[in-house]
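In what comes next, subunit A is part of two complexes: it sits with subunit B in the first one and with subunit C in the second one.
Showing the complex of A and B:
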């Protein structure tokens, strides 16, 4: 079994904030993630039967859409799902070889595919379904939080963010350090009541989801025409208009 | 603890190219990374005005289109029966000789016998010009079955249009109404905009039968019944008029609301504007108690009443006619609620919210500007209610008038190009109606048409009809059946070429359109018509030339296939002469550059057209000695001038590359674009950013840049005198009149003010038998046919279901995942049902163009696209049921000819348990005319790590 690192003083807690109020479910993040990561740290992310029946492959980020309720209270929620980089992830502690590990310095949960034996214990342990088994190589892979982008000195600084964040067309995804109370992610969570997924399971997920909001416009009812009376329009038209 | 090797700072690739995406219609800027000459990664270009660095699922999956196994490899000549898919590969020399010989013969006899239709063509300024110079009027692109209702209603009302020629003011809008949205019009710009609105806490209202995608994040969802959006908007206008929540100043300054309309029923000038001796429209000036030129500053125009003109004729302000119509009790919310499927109180509340935002929460920008009358304004005051409307309005036979009603709503509250409202995208606004008249009647000595085949009729005399009033064009565009068909009627091309009612054609040339499948309203009939033979064994449609990059369902029906490149293998220009990428902030255009060299024997279709034009010695494509002027499309982009100084690209003109808009060709232009990341943009100064229809500085600047020919004010058309001219013809006035059988129709639908009517097909079918509306949506991660060959995108969606409201399904005894039969007047399909809640109860829907013909796009025969995917198209028809004389009107909007896809009504029944669990119909499987070897496992990217 693999142990979790001791918290490191000054260490970061990197993760994502995903805004369910703005996520339109377009799959942009999922595909750009695929595109980046298939040539990235975990390359490749294979696709089986790509042009045939039941095409399936490795994706670190998948989008689900749900309906909740109907009528005026209804909501359709688009929900992107990827590794939450939990603080106490069981996917790490169940790993028999140490392949699955959590980094002390930034909290990112990674898999060392060189020593992964493909036993899948970690994917059984993860209640979020965030682990992706590469049948082709027989090893487990997963979201790296784009570790090969966020520290990549070959990239301009503005681009050192996960691919899913960079590409998100409705800017519903944010990346940062949850240990820094002034970071954008910390502020968003505080302001918008960001939630963790299934915290009761005790894995202390780092990623947060911002719940859907509902903007309203308080407005007085408009004046209505009654019978043959002179209506508001006619009264208004009596005004002098100047071109 | 063992740690793995992490290469933190590996470069993405060794080469970067900036170009323009073509995975859908949005034209986003992309940054393409190559490694060892191979694709590694595509991301959004952060500097690009359209997408600002973001990229959608389609764009990110571009790699898989460029590597698609369905790519055509070499020119193909049909050797078996048409439709059998038997081809011989031939060399380009032979292919070009075949098509040049055929077209030369056509041009020498009757140029109109070439019918040239292009699909999602982003080079229409070239393809249309080719048609004009060739001399055929039978040209159109796909707009006629896509969104021409929006384009036509916009261009004839406000001189711009939703989507391509306009956008919401994302930075200031406080209330955003999305009506009948389609999620690929726009893709990234709307998502970026929604993000901005949400960040500011603006309210988003989705008026749509279905809640998915953009509607999912809306603060309010109005589950309207398809085809009734017009009534909903009528009711909103009714409420605003009733309560006097109207921007009268905006109306009299910027629209023709105060113009006097002659009231002389039966007379030849009834419904036209009263004009003075100089042709200036008149208004009634309250100050002088007399008529005065309506555009004069300082008059105090009346908006209601009836006035006697000096010559004794009576006239009424256009606004009076408008108010009378919209205040009618039949448009009260209570009267329309049942038809719309929207409670009256919801309509009244939304109207109140519009009024609250427009009049109590205006946006005031401290920005002085001067209007066309020379009046200086210290601030820009706007009504922050922005509207976007698209396919759900457009794809109905009442879409033109519905869209016009939406534009009138905007005018009524002063929300046209004002801060916070809907804004023009440069180079719009344009004069109303814009541009030259449709070409076809006047042929120059050199064989070319005097104006482009696609144009803008300004009255009956501009129609392309013969002496009997019958259509001259193969697709009936610009005829009495579809007078304002400003994008043509591509959906009629095959049917009419086959029927040969008015005109025979020799060659049908198709570019980038899947006309034998999802681009046909009726794929089964299309396939039949393409293979039908005359008694002598010749084909009814004599010759079909197709250019496409991929093995689509249409390839087997071509006699000659000219394989195109993918979007990363060629030059292109996104031109101001065509469909540019300008925004409200200023004009912009862009190019595509070849990032990869094709590994197949394929050529960009634009290069092929230029070559063909040279071989045919078309005017402006050859010099005085008949020698071709252009070596390639890239050469044409740089050197072609449509007008002196105006070419395909507006940026980096002039010898030094410093001139914008109008300037001499610059031989270095493409390199300058490439250095500027493949686009050019011009930032308008702040004083020009709003009120562009009447903003003197903007209009003069736009004229100087060559965007418009005249800097006059563009008066918004609350009342359309142009439409009235057609109506008058139908009532027996003028030299060009409709044939008897169409008089009533023309008089009814060419109404100068918006009308609402039940979608036409619905009135001709047995609604008791077909009680449900059936529509399609486009998934955000897919773009029509192009997506299914994509190894990544098809993992997101490779089959489609028929979505049914849960309660409706229960009434029909249908459970989730049951197989069901969908029947219409036209036929039936078998598919699987999926139940959902957020759906208008009288509506079923599915994703568009997911269903594929077995074997097409080189997918395996048992691919879900063919086995469990389906097209709703099979139950649609491009014709309405025939009249007593057997004549078939097109299933289209009667003003624009827009294909009325969404007028469809159906019944659904659960299939018997013994029916096969496969979608139907199942046309015979196709086999690609080349070897395909699909990998069992695709390991794209593995080499990137070496």
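Showing the complex of A and C:
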């Protein structure tokens, strides 16, 4: 069914928190995502001409870099972009076949590639560019929040998190339940002022981004104008040279 | 948005087909059609032929055309599904309308009722098609109050020129329908000009700062793209080839789709070569509306491309 499910009492709202302060833009999350998912739920993912002049294929995670602000206080911000598992995702409701759906129990948005007709309308309905069409199989594909990892009892419990989160070397990605006010993701959002992307479009994305910290460590003045702690020899030199 | 040929054919040809059915059903319901036994069944067949051609063309757009039947299932939430259901639902009353016309005659109540039902469903189909586009929030050139009325007006216009041509070929002069086609052409031109003025004055939906959650930093500029070749999002949503020719193409569309057909309808209404003039008007409208529909896609911008600084 492509109508959105009623929220279940006690249901989870699973998603990611991405820390734009600590993301170093290494693309490891994108690479591990591709690695896992080309053998996972949506396997295989197209990967054409990977070592040639014009490689192209399907990736669920793309890492942009932006300059935020301008002038001496501007920052380079690395920005991973993937499905936000929205609470009111239009990609689900526009689907004519029921292939695109949102799970009632945890809010994950998935595609059933066995019944997808490949009309691409869901990708037109997503303002975040999160869905990519698999030209080889003629169906739409997207981030699954690594549904085949997070519930996978064959994995040690510590590894039951999305591939992008597991691999991040700067711990900039966090996975958890936003319905639980005490979860790590809920606390991070509360403490760091986590934001939703394009909230004005009304898709109510679940994933949150933590803005880069603005605090700077005040630098010591290069010269001291007054005070006796400056070396007497330097003081004398300064007087001589200042003549 | 990339203009896919299959979708251009779908929306244009179904506009002609369902537009013609809507005219036939409405005029028959009002008792305005001549009681010639074969004229109406032939016209209905031509209308359903245009619609079928458009619907078949649309399946070429699919990654899995053999699964197309599944698209009838989600009419509760999806305008695409509703379009499919309405498109199919128009066929039985349209066929019944033609059959009853031939069997019971033009004046029979059953014939008229079937005609009106077919006309209503034809309008509903075109409305559902328009809402596929009008409901997509990330595309400002589609998600606005112009899209749905425009599709209906263009279908009324397409059906009017096609019916005027069929009438003129069958019966000779077609004064009333030629005037109807003329009025519809001018109304359609006005609607399109208003649409173009509207999208030219629209503001972008969001800023890059809002798209990245970096509003507190003020301005945000793209530095590095995630990949140095194109991906699906840029190919499908970032189509820019047409935009540099948009002004010329708009003129071509306005002339071929609306102005030339209006002029030819005026000629036909004065009983000068009515069959030739209305047939030429229909062909010109068909080509012009394909150009217009191409622009409808090519000029549409998708908000997701803002991440690429496009």
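Methods note: the second predicted complex is superposed on the first by the 213 of 243 C-alpha atoms of A that agree within 3 Å, B and C clash if a C-alpha of one lies under 4 Å from a C-alpha of the other, contacts with A are read in each partner's own complex, and residues count from 1 in each chain.
In this text, a contact is a pair of C-beta atoms (placed from the backbone, for glycine too) under 8 Å apart; a residue touches a chain by one contact, two chains touch by 3 or more.
Please read all numbers here as calculations on a predicted model, not as lab measurements.
Shared-chain residue A:98: touches subunit B and subunit C both. Judged by the touch definition given at the top, the superposed model places A:118 against subunit C, while subunit B stays out of reach. Once the two structures are superposed, subunit B and subunit C can be ranked by residues of subunit A touched, with B on top. By the document's definition of touching, of the two partners only subunit C reaches A:133; subunit B does not.
Looking at the shared chain after the overlay, A:190 reaches neither subunit B nor subunit C.
Shared-chain residue A:77: touches subunit B and subunit C both. By the touch criterion stated above, A:65 is placed in contact with subunit B and with subunit C alike.
In the superposition on chain A, no contact is made by A:204 with either subunit B or subunit C. Of the two partner chains placed around the shared chain by superposition, subunit B is the only one that A:151 touches, whereas subunit C remains out of contact. In the superposition on chain A, A:56 contacts both subunit B and subunit C. Common to the subunit B-facing and subunit C-facing surfaces of subunit A are residues 2-3, 25, 27, 30, 54-56, 59, 65, 67, 69-70, 74-77, 98-99, 115, 212, 214.
Within the complex, the subunit B residues that touch subunit A are 1-12, 35, 40-44, 46, 51, 53-61, 63, 69, 174-175, 183, 187-188, 191-192, 194-195, 198-199, 201-204, 211-217, 219, 221, 239-246, 248-249, 252-253, 258, 286, 296-301, 303-304, 323, 327, 348-349, 351-353, 355-357, 373, 780-781, 789, 791-796, 798, 806, 836-838, 858-860, 862-864, 867, 934-942, 944-945. Residues 1-4, 20, 25, 27, 30, 54-56, 58-59, 62-70, 74-77, 79, 81, 90, 92-99, 115-121, 123-129, 132-135, 137-140, 195-202, 209, 211-212, 214 of subunit A are the ones that touch subunit C when the two sit in their complex. Contact residues of subunit C toward subunit A in the complex are 1, 61-65, 67-68, 70-74, 76-81, 84, 132, 135-139, 205-206, 208-227, 229-233, 236-237, 302-305, 307-308. Those residues of subunit A lying in contact with subunit B across their complex are 2-3, 5, 19, 21-28, 30-32, 34-41, 43-57, 59, 65, 67, 69-70, 74-78, 98-99, 101, 110-115, 136, 147-148, 151-155, 158, 163, 166-172, 212-225, 231-237, 239-243.
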